[in-house]
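Pasting the structures in now, so scroll down.
Both of the next two complexes hold chain A, though its partner changes from chain B to chain C.
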Partner chain A sequence: MSYIHYPVISVMGLFLGAFLVEIFGSKNKKVRFGITLVFVTLATVLTYLLIKPVFFDQEIISYWMGGWKPEAGYAIGIGYEIDGLSLFFGLLIVTTFFLSTIYSWRYMEKDHHLGHYYTLFLMLCGAVLGLVFTGDIFNLFIMIEIMTFAAVALTAFRNNREGALEAGFKYLVIGSLGSSFTLAGVAILYLSCHTLNMAQLAALLSEKGLDGLTGFAFALMIAGMGVKSFIVPFHTPAADAYTTAPTSISMVFSGMVNKAGVYGMIRLVYVVFRAMGLSSVQLLLVLFGTVTMFVGVTMALAQHDFKRLLAFHSISQIGYVLTSIGLGTYFGLFGGLFHAMNHTLFKGLLFLTAGAVLYATGTTDLDRLGGLAKRMPRTTAYFLVGAAAISGIPPFNGFASKWMIYQATYEKAVSTGNIAFAFVTVIALLVSVMTLASFIKVTQAVFFGQCPLALTQTKEVPFSMRLPMAILSLLCLAGGIGYNYVMSYVLSPAVHSVSNAVGYVDAMMGSGYATAHKVTMLQSEPAALSVWNPVMWLLLFVVVLTAVTLVALTSEKRRGPVTTGQEQIPDGKYATFFGGEKSEHSHVAGSDLFWGFKKDWKGYFRVAGNLHSGNVNDYAVWTVAATALITLFVMIFIV
Partner chain B sequence: MILFNYITAAILLVLGMYIICTQKNLIKIVLGMGIVDYGVNLLIVSIGYNDGGSAPIYSFPDLINGAVHHFVDPIPQALTLTSIVIGACVDAMALSLVIMIFRKYHSINSDDVRRLRG
Partner chain C sequence: MPDFILTFLKTALHVLIFPGLLFVAIGGLLLAGIDRKVLARMQRRIGPPIVQPFFDFFKLMGKETIIPNAARPAIYKAAPLIGTASLAIMMLFFPLFGHQAAWGSTADLIVILYLMTIPAVAIIVGGSASGSPFAGIGISREMVTMMAYELPLVLVFLAAAKKVGGTSLVFSLDSITAWQQANGCLLFHWAMIPAALALLLVIPAEVGTQPFDVAEAETEICEGPLIEYSGAPLAMYKLNTAMKMFVMTALFTVLFLGGINLGGGVLGWVLGGLLLFAICAVLTILCMTLIHAVTARLKVEHLFKFYWTVVAGLALVSLVLVWFGL
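For the complex of A and B:
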């Protein structure tokens, strides 16, 4: 039974490590890296040791700080509770942070004040891990705040980099708005239920149902978690922060910090408020998810910077995850969690390759890179793995999870008879295609094409930076090939624990508490997960084909006949498309590969570009307005 | 009148958000964040208030027996303290970022501080 102490030791160890680094590690780089590595490894090992009790024995670990157990049916202490969902995210967190630590050793070697870097790094790791392990809603808020602080400080860490300070400030303003919403939600929940324990809240809320007060708290907390998971329209600080943070941190942001918001969303919606049976909540989440994936990918197409492009793809992929978990079906949960896991792996990999490019060449501007495949062959190979995975090309993991999401959304359309969900499937397919297009652009702009003269001396990055990339590439491949094993050994316990609110409440409050408060299981588990139905897929392809034909016909009419006149193209670098022969030194820069598509959509791109104005006031307006809209929606359709 | 507290909290929250959304000066934005924090803190501490209640110093059996039932809830006060500390940290960090931004951009107008866009 000693393993019940492991979660709290991992989290405390990371915070302790943060202080130790600050005290002992400011001078010697080996000392500070050693301390960081020791505590991150400790957390990693201890979290992995929880796999057996939680995943295999289906146990829910409950731990009361200081032994303050519930008295007379009221939780008075702060509790940690680790079920399959917590551990699923916990494993992703420790893996990401462990690989990021290894990568930091050489990647950060040229920076000053690295003691502060590792302090903040450990605090970020501890906060995110504590967030998924905690069973107390106020502790959740505290962990969110520590996470935001550390993340803001790390965003602005390389403050000589263009825009880093600005990105940090925007992140802090929007992030603290989100935190304030969360805290107000916690306060209102306390007013209504007089407890802060999530298990007890789940029981009490299930007994009394959502009324005006708890509905308001629900809306505020959804908005707060939306800010932390960077869904559109809360996404703007993410794009800036991922771009300007050191890449080892961008990997962690994109890999885990936004997933912490997703975790909070799942925990609140499915377990605490148990609102996922309501079709209006499903509609809300699917709507936000769909908008997020579409806006993310289209903004990514317009980017000139490698890391900013990846940042917008990150936002887009979170949209997939949210859409899928918002369906409220088992299949959607499987797809969503699988995609969350895969996104951590492949986006981490892609950010690390971007970091390798930055380390080797000193720039991430797509227009100034090119032809690195010969100079950095291994990085190129890893990048191609990541690009194939994110675009959903078999046999990599992105294909498996995206396929499940298409199936889940389409199955939802069939089972509810709501045609809107079929359109969600079409949009998801379209977004996947645009993701592929965008990564073809990056591949062309960075790794193939002509090498600028300034970059001819570029060398491959050192081994300690290649190792995390190699591990992540292997995991991407393994997840795609062995997805059946992933589903049955990793996802299945996590999905089971999401629906098992009875077990979650009883583990914390003592058995029988849940049934006394009328907590029920979410729904019966399906006997088999396979929903493969060829007729339905035939129908889907007909729908997609019709949509594509319609789009093609309308654009033909609008654009008029294709002209071949080169005189309309002012820039000589397009000549290679029109001249019929390869022109000398016409490096097709990254932003120009899909110029035809961008020309067709130039109205949309102009509007979207103007909306991302970079002004912190505008972003705050979006945040407040979206929160108000969510509140209005909840008040009208749910309460 | 505890209702007055709730109304003030709501006014502070709205006022703070209004400042963040409309003011161009970064220092004013930081002040707006502070005001949002104060609004939330007032909301929390009002939740625990019990008119005419005593200090919450009792043993647990007393509470269960129902011997005492009219006291101020201590938990929201603990939460408020934590939240005040966090709010102070947010303000300090935001102001230090504003100082650094002023050194680099030579302006603290949010219209000038927008090199990252599109």
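For the complex of A and C:
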């Protein structure tokens, strides 16, 4: 079987699996998990097998459903088209849902109606994978619809928990607004170009240029994708959804659902609407990206729920990706795609550790946790890797990609002479420090410090939950150290295909079609990024590790404030008092940290807190208003 | 593979002896001694001998290490070492008066910026791992301090990069030094003087000396993150503080006085090392001892406000001036 069938089999397999789980898997947990695992593994393996033709041989796979090839220069069938960009996101997606599936086995064991869970899960996976593989813009909309509704249902899956239904409702309202914008955009495009194939749309739009109507379609679709990727001000349902959804699903949301939105934006801006000047749209994207990363991280600093905090960080990191991609340079594309990949890895890891804490203790409230490092040592280690990676501490992967993003933004600033981009660099660097601050808060509040009495019996999570975390931790480290390899084998093909709109059109519509319709390539620049030297860092690590091991081997005497032999015995006679408080009451909880900072910023936090009112009417108004602003921008500066 | 072994030996030599661990450790401890001596003279005391920090260090190394029950031993013990390692290798990124940096290929302002955060993170993680509530308050303040000085620091770096690079992207310290060799030290370009002042004010906060020692605040929260530490790990933390003095003042030297050229060869290296130390000693007295002697500790919210308004303002003035070609 030729590899051109792999993408469609992956996607259809996942949908087929969804139905099979619903039919056969409602009673027996092994059957339903088995079915899920088989189809998820199938999709994962088939997608990984595409690496050779697409990444190494630079081939663009085109596939026409039912053999409906273009007739007389018009694409009438539904086509799948997989270039480097699609496969790049496809790989992120399959990795995410494969690990999430393994994690779900034990994590979801206490829940009921798991048949529905796996059905919805497979629908979600199939929809997101289909979204990045499809070459048809209406098909893209269909996939967005399936994705949104599966995501809404999964958000409210634990509907016995407080806020789950509310979160689902918010997601439903805002998500439907986004889908409607997308649908309206698709309809307008069909009206003006009489085709739904993205490759042909790109060619036709290049030929006749952008007018008011297609510009409006672009604005609507960018807004629709913005809702799916949860950029500010469309981020409002994200915080609740990530918090209340089962954690295996939060990981999927952050690892692939919002990546799907990012993919859609890249595809629209760089390929389908190739015709418009990139320099004009880039201001819009950079502006949204910068606001997103700043608002996301400051809101995260104010949170005291582990998962909610991670949700706001997801928003913030997507801001980095968007900013970098919006620059419209090779630097920017490399940095943005790399950060998208790293975000999938480290945020997936962090959500899984949050899930492990929830599984082991039953809460994610930072003010009620503490001192878990001794009870869950492995989870703590994985969490520290994830936290270091997201804060950009060398040598983890987050550092490498953020480094590229800073260089890209400042390069843009000095080469255009526009000081505004310099402030984007400054904000990006500050956001990174604030990210670090907020993960210090989690470290202190959850894993270190004093253990509350209620949590003294906490146990480490089972192996099947630790395995995905271990894999993601290794990938975080590997991505930072083997940065050169990631650059040349994974990112280069993806960036190449973003710039190669001609190839994208020709693969679908027959060679020569693109040049006949005046499709242009993105101007290539030499990728003269500062190169990270992994050998030096490996040597350094050998030195540091040797030193640490030597210290660890030296004999030690363990003493402490409580010397009863057994720790945490609530015996007043031996307890240590801190300023009159017993040790278990004296833990410095998450909300009590960063007092000076919060005091100086109290005006900002008050305004931001009031704006996030939790009222879905307000949020819908934000969404519509932002869409109107985007439309206005497009009408003034692009058309 | 003799090539590989040679590279490894050379790197190990750089990391462990010069200009890495040993050089920075000895230089840092001497600077700490000078700081204490001069401070004492300013306060009309006789003060300890200049080598007193060495005595303190070796005494602490010989003491018993006690690990509290609430602590996570591995992280508790490894944290100070990670800080030491990052401080030791930071010097390898600095080009010394016309010589290439030992690790020139990766010498980059962003790498420096992140490496500088690691010692602070080491204190935070170590303190947090000790489980004490005093440490909890201390790490919170350390983090706020870090957020406070990061903004002016970034602005200083960007101003220097713009001044040197013009319309191309230059983040490399080697290029900045080369530019200074050709065009004179950055300190003597008047548009960069506010940035130099800003960096001088960042140094005491980064090192954590009075009045910016809110995180350790002995009289208030009993050295915060270090409260539970004893013996060898405590010695490493004290060493880290001393090394930070050296590395931060050396960073100022490289960034603003990199135009000094002392010729090549072994003599150039030795003279360079001595001159570097002399400049660092002057800077230490100027921006740490002097301020320490005449001020009292700030509150953390005042510290934050000071850095985000006054110091960041200074750096911003430089950035804007440089941006318009001055």
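Throughout what follows, the second predicted complex is superposed on the first by the 574 of 639 C-alpha atoms of A that agree within 3 Å, B and C clash if a C-alpha of one lies under 4 Å from a C-alpha of the other, contacts with A are read in each partner's own complex, and residues count from 1 in each chain.
In this text, a contact is a pair of C-beta atoms (placed from the backbone, for glycine too) under 8 Å apart; a residue touches a chain by one contact, two chains touch by 3 or more.
Keep in mind that what you see is a predicted model, and the values were worked out from it rather than measured.
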item	value
Touching partner for A:Ser492 - first (chain B), second (chain C), both, neither	neither
Which of chain B and chain C A:Glu166 touches, first, second, both or neither	first
Partner chain(s) touched by A:Glu145 [first = chain B, second = chain C, both, neither]	first
Chain B versus chain C as contact partner of A:Thr244, first or second or both or neither	first
Partner chain(s) touched by A:Ser26 [first = chain B, second = chain C, both, neither]	neither
First, second, both or neither for A:Thr443, with chain B first and chain C second	second
Residue contacts with chain A in the superposition, chain B compared against chain C	C
First (chain B), second (chain C), both or neither touched by A:Ala72	first
Partner chain A, residues of chain C touching it in the complex	7-8, 11-12, 15-16, 64-75, 77-78, 81-82, 85, 89, 103, 105-106, 108, 110-111, 113-115, 117-118, 121, 124-125, 128-134, 136-137, 139-141, 143-144, 146-147, 150-151, 154-155, 158, 161-162, 165-169, 171-172, 214, 232, 299-301, 303-305, 308, 319-320, 323
Partner chain A, residues of chain B touching it in the complex	13, 17, 20-24, 26, 29, 33, 36-37, 40, 43-44, 47, 60, 64, 73, 75-76, 79, 82-83, 86, 89-90, 93-94, 97-98, 100-101, 104-105, 110-111, 113-118
Complex interface listing, chain A residues touching chain B	71-72, 138, 142, 145, 149, 152-153, 156, 159, 162-163, 165-169, 172-173, 176-177, 179-180, 183-184, 186-187, 190-191, 194, 196, 239-240, 243-244, 302-303, 308, 609, 612-617, 620-621, 624
Footprint of chain C on chain A - complex, ascending	371, 373-374, 377, 380, 384, 392-394, 399, 403, 406-407, 410-411, 414-415, 417, 419, 422, 425-426, 429-430, 433-434, 436-437, 440, 443-444, 447-451, 530-533, 535-536, 539-540, 543-544, 547-548, 551-552, 556-562, 567, 578-579, 581, 583, 586-588, 592-597, 599-600
